[in-house]
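Data first, discussion second: the structure below is written as structure tokens.
Labels run A, B and C following the written order; every chain starts at residue 1.
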């Protein structure tokens, strides 16, 4: 994204103090390492100080304390919270390039029974089924599918190629990623006595509350009966699987490739690491953090950090891992001790194993 | 899904006995917890008895034994197998709302060399390539892609946004989930001496037999030569990866995000847990159950339950885990014992490590 | 794929010596097990000798040493490197059926500000946004989405249903798999004091160099600032997740369902196993092999093989696993030793645990 802003303008947008020439013009925003003399960059944490020392950026958003790591000639935009300042600037840049006003591409196919707000923006190749309701300023990307009876709240963005299946309800200010599938059939079958399967038709739906984000190619299955629910403010990363009848609490974050099996309930403000798995029909309480690749097979009733497979409380797991490492260290001593005390350990061992 | 049925009608559909007023009308089907006074619900297992006690449902499908958990005023539809009764009712509801009769949306693009049965239903935005054959009562969802030389059997449903690549053969009564990819290129390369890769063009295909279901955004790669095969009745969940030249036996179930690497053969009636992985060029026999997140690196030749990474027979794994837990418990005792018997354990340990 | 070639023609194409009748005609290429009397097959490794003995193939590409495993009546195409010979034949077959010459399907929607080479082939339902540049002989499959400001190099193939988001740069001779998402929003948020999230708009892009392959339904997120980069010759399998600001070195291979978290750098010629995970903000050096399902939580600075969670050097992991197995074996002896030496081990244990 290219733009053209004076440091003085940027200082106003983000509420920063300028150290350097306020008339300097920057045309891009880049990481410290790759920034050129036309770019603005940012330094929010001491661990990137070495990048800061060699940056070619024209100016850097940073804190008064971190500014000393920058080359003396680099202009600074001083701010107590550089990440927040960056977020403000990004918001400004995105808002200033945002095209508004309703438009429906002539290749879109929209069933006449659906109701679209005047300000909806619909890209090429979009298909919208019967009896949908689409709110104000909603953006629907290229080749998106919206099946029948779908509701989408104001200002929500459905990215290109996403598939919103029938009956789904999506709130306001949500972002559904490219290729994401909302409301697919649940994986529910009855096993017959010959171990073949009979489908249970899933007639429920998916309900996504406001300010939820769903990543690229993530999948959220609809409920058998009732609703699979993702509550307000929750953020779900790419390729995550949310099964039928799951409920995810508010302001929870689920990293890429994690999976939540059927009918499980996740609390508020959970942080679930990448590739973690939660088994079906369990619950986590509020404020639980689950490590990457963890396998959670039982309900979690106490806030805290959990990891490993089967997942356990972090401190406990670290303690038992340390004990195992110590045992490995002690093995030679234990072997020689056993040799001294037990006359024929090998025979005895053989007996034990029989 | 809304409907309007008297309890007497439902009793006939599912073969149940009514306890209560047979003229009660229900208009929805909901879980015990969220059911309203207009809803029918169901109770199949004792573990949900607490939900049953507080349900507002007008009527509940349950067994004679479980019925005692319901409020006395709730009508009952008594059935020996409530899950089967529910499946029957869902089948009835879905069948009664099903639109039939051939239709091709005017925005669909269908190559003239393809042969479609008269009763095929094709939604908006669908693209069908050359030389395809599509059977009776097939439903093809919005923006689906069917490449050249694809065959699809009777009554199969291809959900919105699915991609069926050239040469794929899909049987009758299958369901391909939204965004699923059938017949993508296999991941096969020759490594050169400089460790760069040369592509092996994959000219095989994917064959899916009857009554198979494939989940949302799942991927099944085509074979290098010959076919990647998914046999009759097998059910595959969301985001599963099936590599080139894999063969999956009949009536197997594979949960979400599991992956099967190239040329592996999975037996009949296997149950593979979520996020489990099978390495390439191995085989499992019939009637194998593999736990969630398991890593199977060797062929399995005996029916049974396997789990863990590397996967081992469940009983054996539980035994060795119990032993490790016991060793952790014993560590303090072992340390003090070693201190007593070995005069300078630390020095000795140091020696061992050198 | 069906064809019609004499063995003499094939011998010329792949540079092999014929043993048998050079006028034999084959019409297909099949694995040893399923080949019919009209098929050519191949035998590259001794482990498939048992399949070779029972093959019905008319002829087999193999080495002089392996040829003895074939039935005496089977014709042979002898070659020192049968896999390379097969790759040559597959290249020939694919090239001979390849349709060339520019064509744009009438249902494609292409913004007038985009520049397409004359030889571009664009299938039905494709959408191309504003200001894109598409090189010579590029193939764009059915219902593909190319958003604004995308550049695609010569001879690259974008398979059906892939989604290339705005600003992405894709090199020459690449293959982007069906349903893959290139350039989705990064998963980056600022956590507020109430643990709710604020989006960081990602204004960077994805850069894919030449000869890169990306699997079906894989996802590569765009950078916050700057670029997420996949370097020349790298191959990425199905359902892989590459987060924002990741950089992947040349000639690296990443197997299915692996995930690389944000800002991590992967070296050249890495081999990353299926379902492996790399945490964010780390780096691997060149020539690292990471096992399937491994969890890499720290940077790797030495070439070699790593596996397990947390990942460690393979030899070290195997050694400590062997020690743990030995400890489990010794447990009964240790228990009886402790019983002999410690008068009341149970009481003591209880004390230790308090």
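Going forward, contacts are C-beta pairs under 8 Å (C-beta built on N, C-alpha and C of every residue); 3 or more make two chains touch, one makes a residue touch a chain.
Not measured: the values here are computed from a predicted model.
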Inset, instruction - Write the angle of the rotation needed to overlay subunit A on subunit B, where the fit uses Cα atoms and the result is rounded to the nearest 5°. - result: 120
Legend entry - Type of subunit A:subunit C copy interface by residue overlap (half), same or different: different
Legend entry - Centre-of-Cα separation between subunit C and subunit A, whole angstrom: 24
Inset, instruction - Mark out which residues of subunit B touch at least two other chains, giving numbers and ranges. - result: 107, 125, 143, 161, 179, 217, 239, 257, 275, 293, 324, 327, 334, 337
Legend entry - Complex contacts: residues of subunit C adjacent to subunit B: 1, 29-31, 34, 41, 83-84, 86-87, 90-91, 93-94, 105, 107, 123-125, 141-143, 159-161, 175, 177-179, 213, 215-217, 233, 235, 237-239, 250-251, 253, 255-257, 269, 274-275, 287, 292-293, 324-325, 327-328, 331, 334-335, 337-338, 341-342, 345, 348-349, 352-353
Legend entry - Complex contacts: residues of subunit C adjacent to subunit A: 107, 109, 125, 127, 129, 143, 145, 147, 161, 163, 165, 167, 179, 181, 184-185, 187, 189-190, 194-201, 203, 217, 219, 221, 223, 225-227, 239, 241, 243, 245, 257, 259, 261, 275, 277, 279, 293, 295, 297, 309, 320, 323-324, 326-327, 329-330, 332-334, 337, 340
